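Should a chain be cited, it is by its letter among A, B, C and D, assigned in written order, with residues numbered from 1 in that chain.
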Amino acid sequence: MNAKVNKETGLSVDSRHSGGRFFEKDGKPNVRFRGITFLQRFSVYQFMLKIPTWKFLAFIGLTYLVVNLIFATIFFLIGVEQLGGMEQQSYSGKFWEAFFFSAQTLTTVGYGHLYPSSLTANAIASFEALTGLLMFALATGLLYGRFSKPKAFIIYSDNALFAPFKEGYALMFRFAPFKNHFLTNVEVRVTAVLKIPDENGNKKNNFFSLDLELSKANTLSSNWTIVHNITEASPYYQFTRKDFEETETEILIFVTGYDEEFSNNVVSRASYVASEFVYGAKFDMMYEPSENGVSTLLHLNKINSYHAEKLPVDLQP
Amino acid sequence: MNAKVNKETGLSVDSRHSGGRFFEKDGKPNVRFRGITFLQRFSVYQFMLKIPTWKFLAFIGLTYLVVNLIFATIFFLIGVEQLGGMEQQSYSGKFWEAFFFSAQTLTTVGYGHLYPSSLTANAIASFEALTGLLMFALATGLLYGRFSKPKAFIIYSDNALFAPFKEGYALMFRFAPFKNHFLTNVEVRVTAVLKIPDENGNKKNNFFSLDLELSKANTLSSNWTIVHNITEASPYYQFTRKDFEETETEILIFVTGYDEEFSNNVVSRASYVASEFVYGAKFDMMYEPSENGVSTLLHLNKINSYHAEKLPVDLQP
Amino acid sequence: MNAKVNKETGLSVDSRHSGGRFFEKDGKPNVRFRGITFLQRFSVYQFMLKIPTWKFLAFIGLTYLVVNLIFATIFFLIGVEQLGGMEQQSYSGKFWEAFFFSAQTLTTVGYGHLYPSSLTANAIASFEALTGLLMFALATGLLYGRFSKPKAFIIYSDNALFAPFKEGYALMFRFAPFKNHFLTNVEVRVTAVLKIPDENGNKKNNFFSLDLELSKANTLSSNWTIVHNITEASPYYQFTRKDFEETETEILIFVTGYDEEFSNNVVSRASYVASEFVYGAKFDMMYEPSENGVSTLLHLNKINSYHAEKLPVDLQP
Amino acid sequence: MNAKVNKETGLSVDSRHSGGRFFEKDGKPNVRFRGITFLQRFSVYQFMLKIPTWKFLAFIGLTYLVVNLIFATIFFLIGVEQLGGMEQQSYSGKFWEAFFFSAQTLTTVGYGHLYPSSLTANAIASFEALTGLLMFALATGLLYGRFSKPKAFIIYSDNALFAPFKEGYALMFRFAPFKNHFLTNVEVRVTAVLKIPDENGNKKNNFFSLDLELSKANTLSSNWTIVHNITEASPYYQFTRKDFEETETEILIFVTGYDEEFSNNVVSRASYVASEFVYGAKFDMMYEPSENGVSTLLHLNKINSYHAEKLPVDLQP
């Protein structure tokens, strides 16, 4: 097996101590941090950007509630008679009225039906209004940051195929844009990971950068089938179907490009393990001219569509 | 025809099933997505950034109206007597007063002439003020995002010319900046698409990366004429006027650069089909020194200006 | 004169019709657009980012005044009795009260002492509050955009020197950072422009990319002297002092780098014309160790400091 | 000593006048600016982004206080009777009431219990509300800018080791991500600085770009050990332990990459001086498979963990 050691993964070559697949299906590195406190490894910013929208909104709602409860308690403790315009008679009613005064201050609505009538209450209210402005700066900044965060809108085929190619065969997978976010200056890099026994019989991860027939594109306007020709330079050269079943192997895909809508670079990652490889198959065409012939139709539901096709070289044992 | 297969377009080589021109005149890929629901392929962010300003403002105005109608209905349903300061007597008058109270809350104006007088009304108003802050975070973020979105301010000549060049001739088109947004690190790439019959007589798209005399510039300060010399390496080598009429061909232009005003990279695309080629013509000069000789005048209205000029090699059949 | 034609300027080679210096001293291209309407070539965004702060603030203040005058007029026209809480009796007093009610609405202060008491007034006020939010989104976005706009904080020496270098001499200029904004991945490119008579005696601009001893740096932490060795490959090879006086020539400098404070790329440009060249001079050292020896002091006031130094090759005619 | 002069640092080769270490431990250039006024070299933006959070919040709080004091003074000077709703009788009470009215205006809370009752007071209040909006645009922009500022979350080993490598030995250090911010397109560059006596015996700084076994990575998903093999091309070739003690030397590390969470490029710098080198030692493994074998555990507390290991070549004098 003639293989080039990958000079671009940055993953330690002696990786026999790693566990499971290297990258999850969505390309997220399968690594857990230890030996560091939660707070040190926690990134508030990332957390706020990554959680689902409903959790984010719930988090904001909860914070709004808690901060108002705190200020309501403060107003209650200094004496709610320092707030003018109170109408509720009961203790709980007075507390909630203080709560709503706090909300009116925090959001800077300030109807004024309720108002701070003492200097102390005024001081607290002034501080709360400032707090509100700063808090909502973060909350609304994050909300818009989430909304406008650059993302690569790309779907990948579920499988990577060993398909006929030229005189021999090639490893192929494909991906396509699915929103009108056109990527320019697109670049694809593929790395193969193989667990190969070393001199002591320990399985060690070996990394190989795979040569691609085409790895750069000016524009990703349609689907793109990535082709790794199985030549002598490939780590998968002369691999039989059985070899694939017995070798733990995985390919990692990195796609980078410039998204014109976001005016920013985006990154997309994916990964295929051996069980997601299909031997002797070919992708079906997924586009066609429109009926009136003036544009091209891209059938995204066909991205996983392929048919069996005999490989020119019979490597099935 | 000696041609280099383009390694940079990312477009599938077997493109006999595509329809119409590949890129629209403004460089937008001429592709329609199918087999995916509208919601999956719809990008709210892109939609809000791309629609014309009047539509965007209308959309914001409409949303403002609808949200206030919803909250007005809620206040109406819980009983408008829970709002203090109401003066209208009629049902419709009361509804509109609730509507305006809602607007005052959503925008956090909060005059206070109208105010929530019950705990229930207070709770709804507190929620509405929060809603308003978040909604306006998105609306105002988008408004400024639209305003500050990096764009390439470049105009292209309507035609690409076959003009005399050195001993032979070259394919030329030109572009120029039209606002004082100077681009730096500008790079131009041109791809030709030719529909050539394959062994079965089916017309297939073939892609060729065109060699340019000059493809990179430190600064785009004036007009720039892009020159593709027609040598043996060109896919258009020895094409006659008739060949152009009979071959479906198109050139795609990609311009990238760093815009100092936006502090961001920008991308511009254009495309010329065979009917936009002019054989035997040369662009007219479009700049001259200013009268006092201290600066250069760039006449942007002359960008399409050219005159007939005999090609040194007569290829007209 | 052996010269390499510059493949990177993007400036048309046949530039005999340009006037004055190509780039102003601050590196701004010396080009004026014609044949296009003011509105087409005007960039509001650039204008708002480039004008001095006082003009920007004046512009905002004026807009605030005008918008309030418009809304005050509207309220005046529908009848100021539709605003509650009015105290002024005179016509002008009423107008100004309407004006201030408008201001309170536009800024969403909404004291409520003045308030809309009719449905019509309410509708106008609701619209004005929305207008205010959108207007201030642009105004405050621009204000912060101006404040946080990436800029290259670099100062250049006033002169470029012909200084002894190795066995011969070199063209040198230097620049330095002057704020604690450290640039990384810094790259410098220098282009020379020479007006050379063509076969008909017309002076034409010729562009040459100058070879530099060092053109890339990981970090710009101190001053950096750019050195163009005058070898046979230089367009200035064997230029005498008299040649410089008689030839119209200019060098254009482009510096790009990544600013860690702005988290963005920045660009800086400068230009030296022949009259800013000094023959037979060498820059003085501009840094020294601090007294306690623990850090380096960079004397920015010495950036223009040089002393005469005889060139090893005497080219003075 | 065969050494390649570094073409990428941009630091002047004749650096005998510099003092102390070149880069501080955190990679900040150890340079002080002189000959320029404080205001010229001060960057407000950088200052506001770099100061600790508590100082930033204190700065905002203080500004809020001062601006309100100024406006309170103005209202006091024009006469507090021009504010409606005042309840305090004492001079100081009236001043503080004016102060809180100012705060309610600046934050646009505008309860309205206090309100401007004269045209003069109205004019001042209108101006203050505008001032408040602009000030809070800067304050909240900076707050969110600080929060979302791209940072490289990387920790470095405290020491650089001379460890056995292949037939010889290599200089090694390592770093690792410590938050779930995955970097892509990571690139590492290392520069060595050596103080070497020149012909006159003056110690001069010499810069050398160090060759690395691996300098680029698609993804930084785990720890990465950077390896500089000590070959004849290395400036440290045949350095003995004593040489290191007697030579002032330092290595500078630059790591750049694209952070997907921030959607931006980030830069990280570090530096090791000779006293931080360890001769004859090897890093301990810092990762292992998780117990269930499905992922990799990265023990960040082991980043500094190494054990003594005899170098194959004994250079200890």
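Methods note: a residue touches a chain if its C-beta (ideal position, glycine included) is under 8 Å from a C-beta of that chain, and two chains touch if they have at least 3 such contacts.
Computed from a predicted model, the values in this text were never measured in an experiment.
Peer 1: Show which chains lie in contact with chain A and also with chain B.
Peer 2: Both-contact set = C, D.
Peer 1: Between chain C and chain D, which partner chains are common?
Peer 2: A, B
Peer 1: For the identical-sequence pair chain B and chain C, what's the CA-based rotation angle in degrees, nearest 5?
Peer 2: 90
Peer 1: Looking only at residue numbers at the chain A/chain D interface, is the share used by both copies over half or under half? Answer same or different.
Peer 2: Here the answer is different, because the shared fraction of interface numbers falls below one half.
Peer 1: Centroid from C-alpha atoms only, then distance chain A to chain D, rounded to Å. What do you get?
Peer 2: From the centre of chain A to the centre of chain D is 26 Å.
Peer 1: Distance from the CA centroid of chain B to that of chain D, rounded to the nearest Å?
Peer 2: The computed centroid separation for chain B versus chain D comes out at 37 Å.
Peer 1: Give the residues of chain C that touch two or more other chains, as numbers and ranges in rising order.
Peer 2: 104, 108-112, 136, 141, 262
Peer 1: Mind listing the chain D positions that touch chain A in their complex?
Peer 2: Result: residues 57, 60-61, 64, 68, 87-88, 93, 96-97, 100, 103-104, 107-113, 136, 139-141, 143-144, 147-148, 153, 178-182, 184-186, 214, 216-225, 258, 260-263, 285, 287-290, 292-302 of chain D touch chain A.
Peer 1: Spell out the residues on chain B that touch chain A in their complex, using ranges where they run on.
Peer 2: 7-12, 14, 17-20, 22-23, 28-36, 40-46, 49-50, 84, 104-105, 108-112, 114-117, 119, 122-123, 125-126, 129-130, 132-134, 136-138, 141-142, 145, 149-150, 189, 191, 252, 254, 256, 262, 264-267, 269
Peer 1: Given the complex with chain D, which residues does chain B contribute to the contact?
Peer 2: 108, 110-112
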